[in-house]
Each structure stands twice: as structure tokens, then as C-alpha cells.
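Order of writing sets the labels: A, B and C. Residues in every chain begin at 1.
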Amino acid sequence: MLFDSSNLEAELGCLTKPDGSAKFTINDTVQLCGVYGPGEVKLMKEIAERASVSVVYKPRVGLNTNREKVFEYTLRSILDGIIITSLHPRTAINVIIQEVQNDSNYLACSLNCACLALLDANIPLKYTFASVSCALIENENRIIYFPNAKQEKESLMSGTFVFDSVDKDLISVNTSGVFDQDQFNFILNNARQYAIDKIFPLFNKLINQQYNKN
Amino acid sequence: MLESIVALPGDEIEIRRKEGKELVIGPGLRKDNQNTIVSMKCGLLKKKENFFWLESHQKRYVPSRNEYVIGIAVTKSAETIKIDIGSSEYASLSFLAFENATKRNKPNVEIGDLLYCRVLTGNKDMEPELVCIDAAGKASGLGVLKDGFMFKINLELARRLLSGSNQFLRELSKNIPPFEITIGMNGRIWIKTSSCKQTIFLFQAINQYSNVSESDTENFIKNLLKDYSDWE
Amino acid sequence: MQDIDINKATQPYEYYLKFIKENCRPDNRRLSDIRPCNVTVNCINTANGSSLVKLGSTNVICGINARLCRPKEDRPNKGYIICNVEVPALCSSKNFKSSSSAQSGGFTQSSVSSASIEQTQAMLTQLMQDIIAESKCLNEEDLCIKEGKLAWILYIDLICLNNDGNVQDACCLAMISALKNLKLYEVDFDEEENKPIVKYPLILKSLVLNNEPVCTSLFALEENILLTDPNKQEEDFMKTFVLICSIDTKKICLIRKLGGFSLKTEQLNLCINRALENGKYLRENVYNKF
């Protein structure tokens, strides 16, 4: 069951200093991402046979808490698997995400933003990835995509899913709420379909626009 | 047809191979485990005879052999100069790699000087090495660039300006006072003109040219020159 | 015999794969088995609740201290549960450097598992906090003695004494075992004098948990091979990692999967089935002992 009134917008190359940058908007959540790379790396972080990926997430207010650290680690593990790091040994690829506005869905928004920024920076990737956040409403068996905070609280379960662009398999998932296996499969399949129908075409459209305007 | 395909990373590129002819794949494409050609970056698929590659927008330079780049001298040691060419590592340039250089007759290079050099070795595992002489031992334009003004553009624009078929700079130079220009493949351009106004004009012209397609070049130059003559 | 030893040192991953192809692991487990698990409770006398878990060689100790406090104005009927996990340098040679560098120069380190000490501690702390919050095994309302005036704070401290892989499962076991054995004194609130009164004779009350979460970690090597409960060496090889926390025989409260390569739906379902079975096994054999 689809119920979607989400507003997705994205912009590539909005910052001039970083090698690649992107801005992604989901309803009222806006995230900005800058990518530097492949660039100079500190000796401590240098790896002999591949690039060293580092992620920094800056919340709009306050310092980094454990929640942000966990997100940085999750994104780094995703990017390490996607970036073809063996092409740039002894370099650093730095991904910095700045929260501009956070209504909810900050995970999905930041992940999509990071993917676009990497595409803008032209760093070699194995495939692109798309992230969908959805919530399952208990009694009605319907799914809300990119729920706001109130909808998430009232839902039975919610989760952020990350799919790859080639086989559309699950790269990463983060759930909240109590559920059983069938409900998980239901929400997983619907999230995957949403990514195939809405998010990957959005990426394609953006990149086509950028390259075909000349 | 083939020209307008924009590939994203992970896209399989279908290339029909001609019998007996070798297929050569260039930047942005790779062969994966199943022997299919897959793109690594996003870009326009281009081809020339049996050579396929992706043309993509990039700001960060990755050094590769036999490219001409503009670098900034960062540190000097007894034998070599460390040059910043915009890549992940500083490149090294030996003092003896200049025309007529010997151990006693070292060239006069200061920290902060601009140098136009050729990349001798540029692979991912080593620091890049530069030289300021060509294969015959002559300078042929390489070496220290004195005075002038340097600015950065993206790599695609640099390649475009350097390509033989591009007439932008030639057309422009017919209508304004003479100037000197050097274009590095690492996205750096050095210009030397007789007046500040002309430098600013050229800087703006080149930066705006990145948004202009090949067919609009003439109109673009006409509009530019209109503005320029207003200044004079 | 010598050939085997050389292979183990020079090509550890290929040596390990040889076992996996035969459907077993070097430490004599099947792919879906966890290591032998041993839990001791009430090992710290000075704490209100404690437990020590040995999952194979991984040792985690948990101590819970309860303190009284005044609840904050925006949540007057709730107590607090504060988790903290420490992975000190003593538990593993890889944790020796406490700088925030991500890699300590090891070339066998898998990109999925490498993290600095601060990141590991942050991840585990957040995970423990999330397990309590998502599973709702303990309601914060139960910790409130007098609304707006008096409530319990539970400080749950977990320390990894020996890291032989899969600290997160051991931490979860330790925390829930300690919570099950937590004994709090009965306390009343005196309105006139505005302070807490401990009831005499001392009555110890244990907390009733709504459910018993069990964490299961699974990891994948090559495309189709999923294994449960990685030890330290396996953590170096793993290509992707799934963490599932089940609260009873059918329900799950948490699924986390880190990056690395992607898993198909059938493999995910296999992970969920294994996690539910493992949860059932641990509840019967470990939690029900106390």
C-alpha cells in the first residue's frame, strides 16, 4: 500500500570549495554534504593499499553525541564497501555532512546526500546507493514513506533502508520498534520498490541534467 | 546515440565488439569479474574507433604520465623541489631536470614560484615526478612562469580548451591585445597580459565559457567583445 | 603438518576458507553455532545488580548501581536508565592505541570492523541504550517512586575484560542478566519533610522485565556464507555484519546491518531465523537459570 506525499529535492555542486557537494531535501529535512578526495592523508590514517575514508557529521546545534558517532561509523562502513579505494592508495577521502534542518529522517537524507556528493566529486564507485526511510502503521497495514516525528512515534515499526543500484539488494538497515519477520519483509519489499520507483530515477535525472545541459 | 548516454557508477555498458579488433577502455570504465564493462564514475560515454571512455566533471587532479601541469613550488631541498600540483601528494622535481642544468648550474627557483612541467611518472602507488624538459632535452616552454596571474578551473574545461578542435581562445585572441596563456591539465590556468583590465576580462571569459556549448561559441565571443569594447 | 602452520600465518583468510567450505570452523563449531556461554550473577557485592558473562573467551562484566534523584520537570513520572560501555586497552592488543586513528596500520583489518576505541565505545553504548528503549523490557515509569519528587536512576556500566570478538552479544547478555537480578530497596517519600525514607525492615524488590532481549550477531564472508557469533579473528575477515535483537520467539526489536556487500532477502530471512532460534536457546539455557 503506497501513501506518498513526500517532497524530494536535490541539488548538485552547490559548494565551490569541496571537490564534490550536494544538498538533499526530504520534506522539512535538509542536509548538505561536501566531499574532498582523493587528497592528502595524515600518516596515522594512511593505508598502504587503499584510500582511507572518513566521515564527519555535524549536527545543527550542539556537539556530537553517541548517536552521531554511530551514524558516522555506519556511513563509513557503507562507503568503504562502495568506493573503489584500491585505485587511490595512501590518500584520504573525507565526507562531511552538515545538518541544515532536521525534522526527522536525518539518516536517509544524509545517506542520499552523501551519495550525490560522491557522484559530483567523481570518485570511482562500484555502484550508487539510495536510502529510504519508512514507517508501518499498525492497524492499517499501510506504509508511510519518510514519516515525520509524530508519525514515527505512532507507528508500529520504522526503519531506514539502503539499497544498491545494481541488484537492488540491502546494503544497510536500521530499525526501531517491535515487529515480526513477516512485517519486516513487507516493509523491506515496499521500501525497495520505492527506491526503484522514486530515488534512483531522481539520481538519474539529476546527473543527466548536469551532463546534458552542455 | 552513443554520445548521449550518461552512465552512473555500476551501469553496464553494452559495447558490441568488432571481430578481431581489440577493445580499449579508458578513464571511468572497468572490467568486472563477469567480464562485462562497468562504469565507475558518472559521465558521458565517448568513443573513438575502438577506444571507449567516460567524459566526466571533476575538480581534483589525479596525476598521469605525459600530462603538462602547472605547479607551485612548496619546499626546496638540495636535490629536488616539492611541487604542489593539486593531487593528493606533492610531486618532486629534480633540479637537474631543466634545460642546461648541471650540478653547478642549478636553476633559480624560489618557494611560491609557478612552474610549468611535464609529469614523468604518475601512478597511484608512487609520488608523482615532474620534469621541465622534453624528450630532446629542450625546455620548449616548460620552466618557471614569471609574473602573470594563475587561477583554477575544473579539469573538463581545461581539457576542452586544450583540444585541437576548440577555437575559443584563437577567436578571442584575434580581437584583443596579445596575451600569454598556459593551461595545465590539473585545472590551473596562467595568464599574462599588459593590463589588469584584460586579465580580469580573460578570467571572466574563461570561467563563463564552461557553461557555453560548442555551437554557441561565436555568439558568446561576440557578446564578450561588446562588453570589452565598452571598457576601453 | 608444517604446511598447515605456514598457511595459517601467511594466508590466514585462505586457511580459514578451507574450513568454511567443509561447513565447519577452526574452533569446532558449525556455521550457525554460538560459542559456549556462561553467566554468573551477583559477582559484585557493592552493586545493586551485576553479572559476568563469558561467551567463548569474550568476557564482559556488568554492574548496575541505583541512585535516587528528582525527576526533571518535562518527565516527572519517569526514572532514568543510563548505559555506559567501556572497551579498555586491557581487553585486546588491537585496542592498545587509544588515539582516534581509525586504523592501527594493520593490513588484515576489514573495513567493516575497524574502528577506534571511542567509536566502538560510542557504538556499544548507543546499542545498549537502544536495546532498552526499543524492546521496552524496562519501563522508565516503573522506576518512579513519587511523581515529580523521587525516582530511581540506574547506572548500567559494562566493561569488556577480554575481547575475543562479538562484544555486543556478550554486553546484551550481561546487561539483561544483571537487570533480572537487580534488587532495589523499597523507598517511600515523606511529604512533610520532603525527603526519601527507606522502609524498615529492609525489603528488597526485584524488577520485573517485560521481555528478555537477546542479541545475535551474524557476519558474512563470501557471497552466500553466513556465520553466527564471530570471534576476533573472524571479525577481521568479515565482509558485512548483521545484528538482530529478538525479544521473544517471534518478535524482533532491532535489526542493524552495517555496510560491506549487500545481502539478498533470503539471506536476511536466514539471519532472522537464526537470531530467533538463538534467542530461544539462550533464554531457556541462560536467562531462566536465575
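Just so it is clear, a residue touches a chain if its C-beta (ideal position, glycine included) is under 8 Å from a C-beta of that chain, and two chains touch if they have at least 3 such contacts.
As the structure is a computational prediction, the values presented were derived from the model and not from experiment.
The greatest number of inter-chain C-beta pairs in contact is found between A-C. When you average the Cα atoms of each chain and compare centres, the chain farthest from subunit A turns out to be B. A summary of chain positions shows that the Cα centroid lying nearest the centre of all protein Cα atoms is that of chain A. With centres taken as mean Cα positions, subunit B sits 33 Å from subunit A. Between subunit A and subunit C the centroid-to-centroid distance comes to 27 Å (mean Cα coordinates, whole Å). For this pair, subunit B with subunit C, the centres built from the Cα atoms lie 54 Å apart. The multi-chain contact residues of subunit B, meaning those touching 2 or more other chains, do not exist; every residue touches at most one other chain. Taken residue by residue, subunit A touches two or more other chains at 164, whereas all remaining positions touch fewer. By the touch criterion stated above, subunit C contacts subunit A in their complex at residues 99, 101-103, 107, 111-112, 115, 118-119, 122-123, 125-127, 129-130, 134-136, 239-241, 247, 250-265, 268-269, 272-273, 276.
Residues 44-45, 47-49, 52-54, 66-67, 69-70, 72-82, 85, 159, 163-164, 167, 169-181, 184-185, 188-189 of subunit A are the ones touching subunit C in the complex. For subunit A in complex with subunit B, the touching residues are 19-20, 36-41, 84, 87-92, 119-128, 164-166, 203-204, 207-208, 210-214. Subunit B meets subunit A in the complex at residues 4, 6, 8-10, 28, 30, 40-44, 56-60, 62, 88-89, 124-125, 211, 213.
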